[in-house]
Structure formats: structure tokens, C-alpha cells
């Protein structure tokens, strides 16, 4: 396993689907920042299941406790221990799948790698693993916002084959994103998305989708070439999330069809700084932020666990028709919004601190 | 800067466009492997400029010297020092760009970050930086092939708006890839790609493209969730390469439009192991290889440095029409083929060694 | 802060003296090892205060809970979350010291570094911080013993100016060490040591001491030159413990007075392996274990917090006579025995896994 | 192998005794610092063999070349490649030792670990390995001195059983240290030391010794508890050097015999800062510098390779009388002075940068 991330802002996480608790240690948050559990809980609430009819009906009340690193509501500069107890454990739901690895789930690969896997649920590959990240990242968001004014906003830009209109996100707020349970701020498609998810749920199937994420007010100069280039670290963070299959920044894959003369972002004077006319670069050049918004997209595959019957093969080579029981999300992208935001914050805050280290006194 | 990558197989690189030399230290290659400079040189030759009329006419004969770690053609288990001297230095070509940051190049961001940048060429953001990676990765390829039979083959699957037919790459060889200077093995489009690149060169413009990469014979079990998941480490490695803007694995972004029942890869008995019928997962589930080929795609933007006139703004806010001089690739994807392959090898070899560590005696 | 240690066996710890809890995440313990809280608790019990009249009268019942990584008493290969709740909190004891940094304590340096410090106790510099390490290291001990037969035994070899007779520790057991509360197995001096500690306690003063530690049955080949040489990693681990001021291995400082012809350990055939006649090297040559016992010594200074009046200066430059209140150990070395053992286990297990990674299949 | 050290100032080294070259990559030196080869060469000159009759007669003119990272005498912020070619190769000298591991040398352990070792000399365990560290550390020294005024001075405080008078080193200069070839500034013992080394050389034997090192003008606040405490990192760095067997800081092992009331360093007003009356702590409390000088001692064993006949056992179990040929130092401590200084600089500079990262803008 590799459960520690970051250089100066370092998080280590723990927890499986059905153990006593999940959480994280966050090491490197600067001292003297105000911090209370109420600062962390909102992103956990946005992440938790059971928020609407389009997510899994499991009711997990994921309440975070700060174990250390904070005294009288102020950070000490010491590691912040975070714990979310697992309350809603129903291991029985999964038992019948023990001899049959779910297609495109991690059952098979965990068995191959470790020679053992959690007897139920996804174990460490479960989406519950992301709780530690979200709690940790919520603290990083606070640091970034208070110190640099950075805002990180993600939204659902595609569900299945339904695409939202391309939008810049330059003025988008979380409140606007959260107006619908799909978390797509494009009102022309959000109803269709909702219906598609309900329909997938009703047929025991699942849907993929795409998230877009924008980071505003990021100063120029963050990112450490060559292996900690900003886009490399973001791609790494996003592809470490369950169910992600793609990452693109700025014009991304579409931009490969442009000519250099079209793709290049000419410079222009913007108040006290040099900005760019267009932003095909997505706010990053040569691995370093240029002061324009960072903008990227993340592809989430349709969840692997579905009720619909699947013909597959068991560990002993036996042919099986599998119909998953349990309570599963028909589409994870709405709940992935806070996960993408907080993971982004962890990457940005680490690279912000590294740039701070360059200042001579 | 962050110029070191890997946990057990660790590379550290150095070098700018116009310094005395570029290279790498490779630490962690197991002892007692045969290794000579001839094992490394071929991938450097495939990477170097001046191979054909569609790449930059700069003639860089990038000859590698093994400085340490090998005795009598056998590795000692000690760090392998690799040096490629810079011979073809023409700093004068770039001087006039000093007051004007090239649009979408790293000139501006390096200046913002470091308060200084190499007086000519791209400095550390130059493609010459990849020489150390390629030399190091060529050693990793040899280790993977000899120990596990792993083959890594990359090819050009798109140039600008020209897409190659989708191909699995299951039997593709490097010889087939290298039959054309575009390095696209699809004969129905390769001529059009060639012409498009020549046309971009002649008009002083540039083209982007996409590489596909397949890794065959990778055993099940490689990849360290959660932060060193195989796809996370691959995405990280690819987005650390100059000019990359996207990464997708398996069905990638297109796969987000599929339903779970379509996207899931059912298991099937394949000789002594459990394989999958389809491979929408791209050989990885839950961050761990499943024994099927790893397959992914990387988006390269069109090179930023173009001869064509661009209206932009200089460091002092002055309006400028910029026409870059110097010798530049109109399209980097053909030369990126060995870069993608060797970076992939570095990631796979590191995770292979980490899985080896799990064996009890 | 830097609260994460290790490459393949990685621990991250959290917790201050008076927060809700202290603990650790242990990532990298191989799967399929039996593990229960009862395997961890004994070393915590040996570490905890209040065991005898010579340690602090604080009664801390430090009970560990395994939060994750273990199912049905078997490790999953996933990170093991460990939590020990803080029960006995008496912050009030320390209040009067807030304006006066305790001489030779971390009060002053934490204030200089972080601009804030825990309002009471030592915060993160408190010995309670070691609980996470001990719990984590107890798991590493189990792995080492079961997989390689490694035994790690530490004992008190000096208290103040009283030295135990030099002993090899070749057959020493923990039971023998624990026969006295001083944890010195040399019966000729242990009573004197006990009396010295009681006397220091009664006069409100404190005593330092030395621990010796032996690691038996360590195979040849562990240690990763040059920066993860075994002795470098051990020295690092020991000097990271509170109150330590020195480390020496094998003949150590005394050995600098020997000639090479005296200090060198000649080889001799020992059963199936090549051993050495003497062991001035302390089981390590060139940073790598040679199959002989590892033996080293650690210096612990007298605890800084004493009841005895001290003339010193406060943060505002005021002259002060300080008489510490609270409950403090007059001598930490007896309680440091399990701390040294478990930290040693963390180092050895990490380097054992790294050597395992070298095996080709 | 593990040849990379540091978090923000990272060095990676390569090279064996008889390969083409040794050197290092230094990543993290801030941009815009003047740097030329002449800044690095002096410490290499102090380290090189053949400086006087008491060191090995090998004449190695270790001339450093800066390969990258510096342009027009100014650092770019990019990794600095450093190369020292190996000129004086005499592999034949060692051939007869191939079947007989030298007692207390790394021949045996390298063979056990890697199943192969350099055919001659010490390979990676040779003292030539330290060249990369010294060159890298000389740059770190320059950074520390120019940015913070830090001075690092080491000297020989013991040779064999001859101890120099205890001295604080508060005003000592390198010029004073270098006045004698022994590098002991205590004139009452230096002649005796010189004679002892000459006598050891003449009898084909070797001597150990102790270095003391002082770091002046280090600001309060450097060091990252708990695993990157300043003393832990220094102990790690020192014990990673060839032939070192012990480390102690401040009062060290002797301090364990003091009572707390004697050992504690009371605070006192010193100009604008709070200092301490005594310095038994060696400038560090709780792992963090307190503004007083850092002072520590390092034990070096007598070199293992001696001409004097030794009875030992070969790899095949045969009894052997070994008389080493070749040119070896009878006592390494004089040449170790610049090695200790530069390694210290690497540790301090890394922790200085980490403290800089804490500043909010």
C-alpha cells in the first residue's frame, strides 16, 4: 500500500469499508490557523451517501472528530489526527460474492496482490477510503482560501452521454453547483441527467460521467518541475481516486487537434500582472501556474457494482451469473464533486508551501 | 525543482538545453544484470532530433556514457550514473526572445517562479530534459523484459485531427512502429499525417497529437493503492512530460458514456489464469494490474514555439509581434514515442520491485 | 513537522500530551499476518507511566484500539490505524509555566518555530508522542520475529554515573530485563540504581542513563547504503526519541582508541555461514548487516522538568526562579526500554522489506 | 541502494572507487545565488588524499565540473549536476583480496547483499563515494553562509587515545584547523597525534579518532519534529559516512552522568534574543535549534584495511593470513573534517528551507 501523499503538506490515510473507522493524519498545516470540526464537516456532508434519491440509500452520517493538532480552535503546527467512525456496517450483504470477483471491481486484483481481501464491501478499494482525503483536503482548502484567496469549484459536466454546455466556471459558486442533486449547474441538461441516473438505478445499471474543476486566484509560480509539475501532481491525485479513468487540463485531448497558432495563449496586460487572452493551457505552462485559473476535467467510469445480471467467471473458473446485492450508487459523479475539490486542495497547498520555501528572508 | 522520481527504482535527472550535459542517476536497478551503453543508446537514437524531414533539423548526436554502477558489463546494484554531453549549442538563436515570453511556453512561468531563467532555449523546460529520463528508462525496460517478459510499445495514434484506426496493439512491434517517420502503424492515415506535419512546418505552425501505449505481459498484482495506484503513477509520469495535456486509460473519456453493464469486463478462464473478455479497464482495476495489457493514451499539445507571427505582450507590457527563430519540431509526437515508453518502464519497474518486497521467504 | 518514517514500512504518528488521542498509521505490514490488540498492548504497558515507585505517579492506562487494516485477526495488507485515547488530562498543572520556558525543554524552541505551543504539558514534545511509535513498532517486532526469528532486547546499562557490567546480551530475555523496575539485568548495580532514582525523585531532581540494545538473528544483507545504511537509520531513529543525546554502535566511541589490528573482526566459519570472532563492528559493516548481532547504545539526558528550583529567564526577559509542578519521571530510561526496542523494529522491518524487493522471481 | 537524501534540498550521488567518475545532483538550491567551480573545489581539496605524509600517498586530483544548473556564474534553481572524473585507477592492487573478505570492511556484506561486488577497491563502500557529498555540501555551505551567516567548523578532537583539550570552538576558523596536517587546533597534543599516525603507518596499522563540529549563527527554529528533528538528521548524516561508529550532541554520553539540575541550560537575555547560560543541549531542544551553537562529536573507527598481517577466513571457509596491499590512510579523521562539515551543511540547509516554507506571505 501507499497511503501517504505530499512533501510539505503530507496526508496519510487509513480505513476500509467495514472496519472501526476511517481517517487521516494531516501533517504540515501551518500553525495559528483557526480550525474546528465545523470547517471540515461540510465537505464530508456533500460526499456522504444518502443525500438524494439518485445516490445510494445507505445512510452514513460521517461525523469527523479532530483528535490532535488543534487546541482552543487553533492549529499548533503539529499533525492533525482525523477520525470518522464507521457506523453503518452491513457485511452480510456481500457474502455471496466471495467466490466470484465482481467484473471491473478490485476484488480480483486485491486477491492477486495480497492473497487476501476484506470479506465484504470493497475493503480498502471502497469509496469510504476517500473520507480521510476529503476531511484532510477540507483543511487544505481553508489554508489556501485564507492565505491566498484560492477558490476551488468542481461540477458535473457530463453524465453518460449527456454533456453540459462548455462553461468557464469563472464565477460559479458551490451554492450554484449544489442547487440540483446532480451538481450540474447547466439547467438545460440537468433534468435529463437526473432522469438518466434514475433510469440506470431502476434498471440496476450504472452511469459514468465527467467532472470539471476550476481553481481561481492561484498565484503564478506554483508547481515544481519536473516530477512535481502542477499538472502531473493533479493528474496523479485524480487518477488515485476510485473509478477515475482520465484527466485532461486546459484544452486537453481536444486541444491536440488545434494548431500551435490557435492553441497558444497570447499574453496581455491584466492590471498589475501579465495574463493571457485565452486559457487553452488551463493555467499552467511548463508545470508552473501562470496566474490564470487552473481548469481540468476528470473521467469517472460507470460504477462496477450493478444489480443487473452479468455473465462472468468465478475464482475457480466456474461460469456464474452475478447479480450484485447491496446498496450502490448508480452514478458517482455528483458525490465526487467534494472529493475532487479536496484532493485538488491537497495538491495545491503542498506546492504552495514548497514555493514559500524559496523565499529568502 | 523536483527532479527525483520513484520509491525503490529511483531516478534523479539534471540538465538544461544549453549547459554542459544532461543525464540521470538510476538507483535501484538490481545487481547482476548485464548492461552496456548499447542497451541504452537505441531509445536515445529514436528520441533525438534530426531523424527525418519532419523533425527539427538540429543534429544532436546524443551519445550516452555510463559513469558508474556497472563493471565488466554487469550491474553492481549501485547507482548508475548516465551522462550525455550537450554538443550542439546555439544560444544566439534565442536572444531576441528574452524580453518577450513565448506564448504557452515556460518562459513566463519560470521567470515568475525563479526570478531568473536560462538565457536561451527552454532551459530546464526544454525537451532536452527528457534525455535523462529516456536513458534511465531504457535500463528499466531491460530489467522488465528480462525478468518478467514485459513489452512496452507506444505509437502515434493521432496527429492534429487525423486519427488512426483504433487498434489493440496486441502484436505490434517497435519495428512496425518505426517503419514510417510519423511512427503511426496505420497505413491508411500515415501519409496524411506526414503531409500535415510537412505543411505545418512549411507554414511555420505546429501540430499536436496523441500517443497510445500498450504494456504486455505485465503480471497481476502491480500497483500500490491508494496513492501509488498504477494508473495514478502512469498519469503522473505522463503529465510530467513536456507538452502533455491529457491522459486516459482503457476506455477513458469515451468510457464515461457507457453503462456499467457495457463497461464492465467479465472474467473468463485464460489458460492458467483468470482473464477478462473485454479490456475497458485498460489492464488495471482498483489501481492494481489484472494481467491484461495496460493500455493508455497521452495527449500532446502543438509545440508552443512557432515561426508564424503571433501578437502578444512582453514582460514590460509592450505589444509585440513575435516570430520565433531557431529550429523547432512542428510536431513532437513521433519523437515522443520512446519517451513515453521509457517513462512507462520507470513506473512499472518501480512498482514491480515494490510487489517483490511483499514476498516472504 | 515531520511525522512519517520509513520507505516500505511507513508509520505516521499524531498526538500531543493533552489532546483527544495519540496514535499511528502503519502502512506496509505484509498481509495474512495474525494480529490482535493483545499483540500490541504488552509493549504499551511496559512504556506507560505509573508502573513503579520510580516512575511518574500518573496513571495512564494506554489501551490501544486497532481501527483498520485487520479483519478477523489477520492483516489485510492495508494501513493499520491505531488509536490510544488520552484519559488522564490535567492541563491545569502546567499553567504557571506559560510565561517561562522550562530550561532544556522544548517550550522555547516550539514557540520560536511555530509561534504557538500547546498550552500545557509538552504538547508534541511530550513523551506521550512515543505511544504511536511503540504501538506501531510492536507490530513490526511481530513481523520480524515470525518471518526471520529476529529478537530485539534492550536494557538499562547505566543510570547516572552507575554503569552495569559490560554484557553481550546474547541470551538475555525481556523477562530477565523486567525482573527489576530499573530494567537493568546486572544484579550488582541495580539496587544502587534504584536508590539513586528514588533519591533524585525525593530531591526534585532527575537522572540520565544509557540503554543498550541487541538484535539477534538478523540475516546478513539488510541496510541500504549510502543514506539508508543500517547504522544511519538506527542513529536517526534513536536521536528522534525525546531526551536522547547520543548513539554508538559496536565498539563506538571507545573503539576509536583501538588500533585497526585490534578493532577489526576477523572472519571465522560458523556452521553454514561466515561469522566473525569478535563483534566490534556491532553486526554491521559498510552499512549492511553481517549476520552477527546488532548491538548499540543510546544516551538519555536527565529529564528537563524538575521540581528543584532553577534560576532562569522568562519570555519577556524577566528573571525567574522556576519550580516545576506536575508529575514527572525522575529518570526515563526504564520506561524507554520498550520505546528503543520498537523503534529498532520499525527500522529493521523497513530494511528487511527493502532487501526482499531485491529477489528476482 | 539509497543514494538520495533530503526533502527540499535533495542530493543524489553516484560512483564507486574505480568507475569513470563520481558525483552528485543537487536539487533545491535557490535560484540567483552566485556559484562557480572555485566555490566547491576548496572542500574537495581538503578532502583529497595525498595532502601530507600522514595520509595515503595516492595522488587524486579531484577536479569538479558543474554540468548544469548554473549559467553565467548564477544558479538557475534547476538541479546542479556535479562530476569528478576518476583518474588514478589501479585496480590491480586489490586483486588478491577477491577470495578473502577484508575483516571489518564491506567486502563480505556487499557480497551477501548484492551477490556481486566491485572487483577492486571498496566499490561503493570506498571513501571516494564521499566526493559527491562534499561537492554538494560545499554548495549548501555557501547558501547557509550567505543567507544566514552560518559557519560550520569541524576539527580533530581525538586520535587514538590522545584527546585534545575540550574547547568550545566559538571562535575557531578553518585556517586555524588547517595549520597542522592532523587538523587538531590544540597545540599541546597535535604533535603527539602526528607521531601516532606516522607510527601506525610505519607498522602497517591504523588509528581511529573523533571529530567535533560546531555550527555558529544558526537561527532558532530549524528542525522538524518528530522524525526530522535536527539531531536525528545530523546523527543520520554522520552515521551514513564510512567508518563512523558514534554520534553525540551537546553533553552527549558524559551528560547522562549529570543531574537534571546540572544539565539544564538556564535561559538568559542575550541582546535581542533569549539565549542559554550553558550549552549542554548542544544548541537543540526538542529537535529544534535554540539559537545557541550546534555542537556534536562523531566517532571514526580505525580504517579496516591495514598492511599488518591478520588471521582470518576466506569466502570458502579457508584460513588465511591477510596482508593488504595498496595505498591506505592510517587514520581518516584529518581528511574527514571537510566531509563532516559539508554533510552538516546539507542537513542544515534542508531544514532551513523547510522552516522558510512556514512563512505566510
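For clarity, chains are labelled A, B, C and D in written order, and residue numbers in each chain start from 1.
The rule we apply is simple: a contact is a pair of C-beta atoms (placed from the backbone, for glycine too) under 8 Å apart; a residue touches a chain by one contact, two chains touch by 3 or more.
Just so we're clear, the structure is a prediction, and the values are computed from it rather than from any experiment.
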*Among the chains, which has its CA centre at the largest distance from subunit C's?*
B
*Look at the interfaces B-C and A-B and say which one is made up of more C-beta pairs in contact.*
A-B
*asked:* Nearest whole angstrom, what separates the Cα centre of subunit A from the Cα centre of subunit B?
replied: 26
*Using CA atom averages as chain centres, what separation in Å is found between subunit B and subunit D?*
39
*Compute the distance, rounded to whole Å, between the mean C-alpha positions of subunit B and subunit C.*
46
*asked:* Please output the residue numbers of subunit C that touch at least 2 other chains, ranges allowed.
replied: 1-4, 7, 13, 31, 77, 113-114, 124, 358
*Would you tell me which residues of subunit B are touching subunit A in their complex?*
1-5, 7, 13, 101, 103-106, 108-110, 112-114, 122, 124-125, 129, 158, 160-161, 200, 205-210, 220-229, 231-240, 242, 244-253, 255-269, 274, 276, 280-282, 284-291, 299-306, 308, 310-315, 317, 355, 358
_subunit B - residues contacting subunit C, complex_ = 7-8, 30-31, 77, 147-148, 353-354, 356-361
*asked:* Could you list, by residue number, the parts of subunit B that touch subunit D in their complex?
replied: 1-4, 10, 12-16, 19-23, 25, 27-28, 31-32, 65-72, 74, 76-81, 83, 113-119, 123-124
